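Below: a set of structures, written as structure tokens.
Each of the next two complexes has chain A plus one other chain: chain B in the first, chain C in the second.
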Partner chain A sequence: MRARIIARNEVLKIVDLLRRDHEVVAPFRGGGRDTFFDTVTDENRGRIEIHLPNPYLPPKRYVLPQIEKLLRFRPRDGTWELLPEFNDRKRAIFGLRSCDVAGIHHLDRFFLGREFRDPYYERRRKNLFIVNVVCTDPEQDINDECYCLCSDTGPAARDHFDLQLMDLGEGEFMAVAGTPAGEALFAEPIFRPATPGQVERRRRILSEVRHRFKNTTGWFSATVRYISRGQVLEKTWEEIGHRCLECGGCTYVCPACTCFTVTDRPVGNGEIERVRLWDSCALGGFTRMAGGHNPRRAVHDRRNRRFFRKLAHYFIQRELSMACVGCGRCAAVCHGDVGMPSVVEMIRRATAELDRHEPVKS
Partner chain B sequence: MTGVYPSMSHPSNQGRICVRGWNVHEVASSTDRLRQPLLRTTNGFKEVSWEKAIEFVARRMRDIRDWHGADALAFFNSPRCSNEESYLLQKLARAVVGTNNVEHGTGVYCNNSIDTLLEMIGHPATTNSVGELSESEVLVVDGVDLGMQLPTIGGRVIRARLNGAKLIVVDARRQRVAEQADFFLQLRPGTRALLYGAMAKVIVDRGLMNLPFIKSHCRNYEAFLEAVRQYDLLAVAECCGVPAERIEAAAVAYAQAKSAAILYSTGVAARGRGSTRALVNLALLTGNIGRRGGGIFALTEHNNLQGTCDMGMLPDRLPGYCPVGDEAARRRLEILWKARVPETPGLDAQRVFDNAGGGQVRGVWLLRYDPVNTAIFCDAASALSKMELVVVQHLFMTSTAQYAHVILPVVAFGEERVSFTSTDRRIQLAEKVIEPPPGPKPAWRQLTEVARALDADWHYQDAGEVMEEITRAVPFYSGATHENLARNYGRQWPCTRDKMLGTKYLFEEGIPPQAFNFAVVPRPQTPQGASDDYPVAAIFGNSLYYWNQNVLVQHSETLKRELRVLLLDYPEGFVEVSEEDARRLGVRDGEKIRLVGHHGSSVAAARVTGEVRSGTITVPFFVKEVMKQIMGEGAFEAVSRTKPVFVRLEKA
Partner chain C sequence: MNQSNPENIYLPKLAVLDRVVDEIDEVKTFFWHFKEEADQAAFRRFRPGQFAQVSIFGAGEFPASLPPSPTEEETFFTIRKVGSVTDALHRLRPGQEFGVRGPYGNGFPMEQYHGRNLVFVAGGIGLIPLRSCIVYALANRDKFGKIQIFYGARVPKDLMYQPLLREWEKAGGFECYLTVDRPDADWKGHVGVVGSLFKKSGVQVPVANTTAFVCGPPVMFRFVIKDLLAMGLPETDIVSTLERYMKCGVGKCGHCCIGVAYVCVDGPVFTFQQIRKLGEDI
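After this line comes the complex of A and B, so read on.
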């Protein structure tokens, strides 16, 4: 991938360039330690921040909205007229963290990677330009909950972005193009060629920042193995289930959760609107079948579904990655502290204590 | 509005909210919002202009008042209304019409708690902050399913437990939070006051009471001690069905904690004054008031139940809780309002809807209140159908609105800047983030227009001006201007002019001498226990949250589905039976079960669950017939009933 250098005080010019033909979304600071993605306007453009805690609500909603109109239908000439509603807006997300880049890539695999392609997702995704920012500031960029090192998604994304920016210090950023669209930007005079010394600096900063993560969930692979083999004890799942208050928050803030439900609702004049909404495996109605049977009626059966879906070998093989990107949001959102890092630890501890996983005996 | 997410910086929830919060945006964007005022005609409802609707309401109100007196009108709202609209509604009733017939719809449940807290500690609210729960060494959770009803607080409790706090759960049901308890006291129904009396006895016997605190801050200790001596741990244990050692250990843990919090619900649950008094006694005995991480959490299960009460939506109390009979308090408001304030307590919602206040009430005003659907204590539909005037302010065509003579469409959450007061006295602003659709007006503006049509001199330009007046009407809100509230995540009252930042926990600056009163809770009669013929105690209570038929649940696609799950599983409702009892009867989940009582019997579907204690059966309030058939009593008696009913279970 080609690298260029851009001066720190010119970085936001990338936003200006993109705004010529995109709606640009970028991170801002709110009250307290809140941060959020919002559409860039002339008024707020100067307040865009590069180093800040990753926004709590992931940018997933720009490709998979919390609630999305799919189509309207109305009676006409004895049949139904269908009126699909597509969103063809060109959009760029500036300042997407590497974990969230991996999240969108995971959604790509799910919605576009197999036999049936989702036309709504596809249009939004095709029109999306991603500017990834590498997390290098241990005070601002890296939260207590971050564990992208363990999910192998950060701190610097390797692909699936159009442009990647990394702060090299000394008033310089390195820009890396991931797609021809990203590389096309390099024609602008704000970009200068990178020297081998600057490439070396990038490598050094990255290897240093890897040691600045506060919370590393080092037992992912063991947990993947235990879950894939069905070795997690029922009592561990129950313990996890008892701490779930069924709020759905973990799925709503997860950049890699894909589940949705579809429902129709009347909008007046005999017209019906079909909407798609985020759904959550924490909720009792999620797996209930029409006949009344619910294979995951108990809360712990619903909770273990979440972790099977994210960590079982079957799904990893299907999507070529875990459905967990290590952003740590589920740890922050959970009432009962059963986000991914805690669950990995609970499973590891309970399962490893069992004799049968310790093959060597005296 | 296409979505919603919580703020990680909020001091109470830190970014953790419940499933309802995550879906709250769907109300404003519902496709069936009311847009124009509707007037009932012989051919159904007809859209009319705002001028015509306001003129109609004012004329009919004036007629009823002139012919039948001010007390022929009554004004009720939902505990989900903002402070500003609650305040103006009671002001309209008291100052413009001249009646104290005002109430939020849930008085039957929470008034016992308000009165008890006022009499014992002088403040009818949670004493401490939700955020302090992480500093409590011991938490007592009494009779509230925090996991379902108040997950934000439930989460605080669970995380405090994970960080080493001791958790005592007192409940007949084994709910989610009980799974984490160090001491789960799964008592028999109706034995709460006994249990707390016994805990007090243990504390006194072991000398664990906080005598310096009691001596300097409390009155009536001797009388309390006298009453406590009547309790006997072993007898109480037998009666509650909880091992004596466990009661004793819980009492000792509570008393020895540096800070211990008690959480109970003022919501939809039968709770006698006795058990609430006994709880507050425990806090006084151990000095857990005016202490960080300690206190009494009188949890309000509606988003603005606290604020609605603070604003005086009570038939016997003015804004700020002074009794309507208090002449000085009345005088103060009369000067502010430039109008006379009636001095006799008014009728509450239950009395009006049960029999129209003895036929006296002819017109009711219902602000976002849907009693036909939600009031389990009466047959509101029948009462409303006899009224001469029913004014409904609501977002939707509710079951109650069907009985209206005029319906005034209001704006939704996110479409106006108003304030709400949460369960830990936090007065918060809900900001306006989108414009309302064309047509609906803010409820406070509608109230202002009606008052003006009734010749009152009201000139509020925005809700901020209403709040300005509230700062003068309610002493402990005197600093709570919108400007001040907007500076942070609201302010906790008392928020006064000389303490603009508010109060994290009551008495944080010291406790006045003899400020608190012990209550004498005589040892209750041992509840008439089970007999061989009728061995099972039936409790009437709230069920899982899906059954709350509120506006949000009905208009969120996700929440509606969750509601339907139970409706589809048990189309005619259910009663909850323990796994053990079900096995003994040979009844499987969903099968019919017969409850045979002294007076009659009833058949219902059994929902078999591990949450219910063996020997008890839970009957949700919405299954109104069961109570009637067993006892010949209506649902209201069930709500106010603090003693269990005994039945025999049979396979039907």
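After this line comes the complex of A and C, so read on.
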């Protein structure tokens, strides 16, 4: 059994241990609903929060920064030096929610799977230590938009973390190691063995907390089937498209969205930096080619594209997971209410009417 | 980090521009070679129909089809000046350096076409991506059945690769038909859209055991496809290459993803049946 117990007032000592050789980022509270991930310093270390609403801006940027340097081109003696710009910093995320653990795992499959491995992603990911915190506080951890029960990614991640922490109440947390690196921490005296009673308490809290989610009826399986079979009506896509304001917000807050654009910019002394930046399929220019031809013109074509890419069976098979982790961020930021939960429901309702089975005739 | 890190999929290799040849208005052919011989040797394993990512340092990167056949000695791109990066390439002078990554994409499975008739149908600069497999097929003439080339442009001065076209028209062993929409005073050939060549007297387009390659502007593509299907060619025997906005060329940036395919890694060569199922404009 790899489960250990750590006292609540010692939990932040894990941050201290990790800070010895990592930059540690953790969630903090701003004003009101505002929460965010930030680098832990001696000054802010005491303000790290364990139970708080998941930050809107996903921790994706620690493996896929919003702006990331790829290459530097340096003119020298009539030729060019082409220099990769890798970031080899060791980093730990403390307090990553289970939905976001699934998000990073989805990015792993996408960027490191198949024919080409992304070396920039790979380095950041290899240097990343993940401390997952299970969402157990219905007031703080679970929001109206939380959707992880429907996407089967929470409230407790089953794997892909280095260390998982869960609040057992009574001033105790249970720690579970997911990797040898996580298990190595158990050598520290702040951890002590868990009793069978504590393991049972973990199980009981998990089964209770599942009833505290408000959004539990999103029927992904039906929507995946309708989208994969091409049964979604054009007018349903149009309805979704009409409600999209083309702001790109859903893609920027999505922990599983991967699209980026690349641009060159001068950085002085004749040197050029090639950077990649998050891009969004919601934006009209996303598929526009030089010369102006754009094969994807209408808004609803672009919305169709986003949800097809996330939910079509073909891609789920390819990455072995849906490109939706149920974090609910798109639902929270979308002004037109066409975040994932609404779209799943709109598609299911509109398409189910046409999907009636003929009664069996004798 | 050393430059020759083979794992960095985004790192271009240095190339040197050798000479530039004017083709048609706004279109030039750029002959180049890799600075390192090893890079040149590795690149020369490309297949017809593949593409490369071309970097002009400071301007950016764009996908470019590979018009040379692997059976030819020289490496070159034929590029229309259409945006900021291609404009920067057009301003490059011989001796100057730029970057190339690739080859990428699936390319035409030429071995699968051995023993078959090949019908090439191109419009305008659509001949650029098809040039590679036409030259390849002619260099391996004995491996294929009947070979026909149908090529059209709006006006005679818009016909690409004119010295090569004159060679093709004169040479034996295959058929080459040219047409223009609007003739000028010197034009003595056929007048009409590309599809009208199929009905020209003496032209017999083979249907059985035939693969048709179609590349050109969207309007031409739609009409030629209609003609070929009407002649009885199956959708699976019509192939083309798709053009999309691309940033990475290796299936990561997401711009070229249509239907269930990333054009850069699953394409750019698709059968017409696949293109139809991908469900987007050509």
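We adopt the following convention: the second predicted complex is superposed on the first by the 345 of 362 C-alpha atoms of A that agree within 3 Å, B and C clash if a C-alpha of one lies under 4 Å from a C-alpha of the other, contacts with A are read in each partner's own complex, and residues count from 1 in each chain.
By our rule, a residue touches a chain if its C-beta (ideal position, glycine included) is under 8 Å from a C-beta of that chain, and two chains touch if they have at least 3 such contacts.
Fair warning: this is a prediction, and the values are worked out from it, not measured in the lab.
*Asks:* Check chain A with both chain B and chain C modelled on it and let me know: fit or clash.
*Replies:* fit
*Asks:* I'd like to know which partner A:314 touches here: chain B for first, chain C for second, both or neither.
*Replies:* After superposition on chain A, A:314 lies in contact with chain C alone.
*Asks:* Is A:40 in contact with chain B, with chain C, with both, or with neither (first, second, both, neither)?
*Replies:* In the superposed model, A:40 contacts neither chain B nor chain C.
*Asks:* Check whether A:242 is in contact with chain B, with chain C, with both or with neither, and answer first, second, both or neither.
*Replies:* Touch status of A:242: first partner only.
*Asks:* Looking at A:64, would you say it contacts chain B, chain C, both, or neither? Reply first, second, both or neither.
*Replies:* In the superposition, A:64 touches no partner, neither chain B nor chain C.
*Asks:* Based on the superposed arrangement, let me know which partner A:118 touches: chain B (first), chain C (second), both, or neither?
*Replies:* second
*Asks:* Using C-alpha centres only, what angle sits at chain A with arms pointing to chain B and chain C? Round to the nearest 10 degrees.
*Replies:* Rounded to the nearest ten degrees, it is 80.
*Asks:* Considering only the touch criterion stated at the top, classify A:31 as touching first (chain B), second (chain C), both, or neither.
*Replies:* After superposing on A, A:31 lies in contact with chain B but is clear of chain C.
*Asks:* Quick one: is A:283 in contact with chain B, with chain C, with both, or with neither? Answer first, second, both or neither.
*Replies:* A:283: touches chain B, not chain C.
*Asks:* In the overlaid three-chain picture, which partner chain does A:261 touch, first (chain B) or second (chain C), both, or neither?
*Replies:* After superposition on chain A, A:261 lies in contact with both partners, chain B and chain C.
*Asks:* Pick one for A:325: touches chain B only (first), chain C only (second), both, or neither.
*Replies:* So A:325 meets neither chain B nor chain C here.
*Asks:* Between chain B and chain C, once the two complexes are placed on the common chain, what is the minimum CA to CA distance in Å?
*Replies:* Least C-alpha distance after superposition: 7 Å.
*Asks:* Would you mind listing the overlap between the chain B footprint and the chain C footprint on chain A?
*Replies:* Shared contact residues on chain A (touching chain B in one complex, chain C in the other): 261, 263, 266, 279, 288.
*Asks:* Could you please specify the touching residues of chain A with respect to chain B in the complex?
*Replies:* 30-34, 56-57, 61, 65-67, 242-249, 252-253, 261, 263, 265-268, 273, 275, 277, 279-280, 282-285, 288, 292, 294, 299, 332-337
*Asks:* Across the complex, what residues on chain C touch chain A?
*Replies:* 1, 3, 5, 7-12, 14, 35, 57-62, 80, 82-86, 97, 99, 218, 243-245, 247-248, 250-255, 257-260, 265, 280-282
*Asks:* Which bits of chain B are touching chain A when the two form their complex?
*Replies:* 2-10, 15-19, 21-22, 25-26, 29, 31-32, 147-148, 151-152, 154-156, 158-159, 162, 176, 179-180, 489, 557-558, 561-562, 564-565, 568-569
*Asks:* In their shared complex, at which residues does chain A touch chain C?
*Replies:* Residues 70-71, 73, 79-84, 86, 110-111, 114-120, 258-264, 266, 272, 274, 276, 279, 281, 286-291, 293, 295-296, 301, 305, 308-309, 312, 314-315 of chain A touch chain C in their complex.
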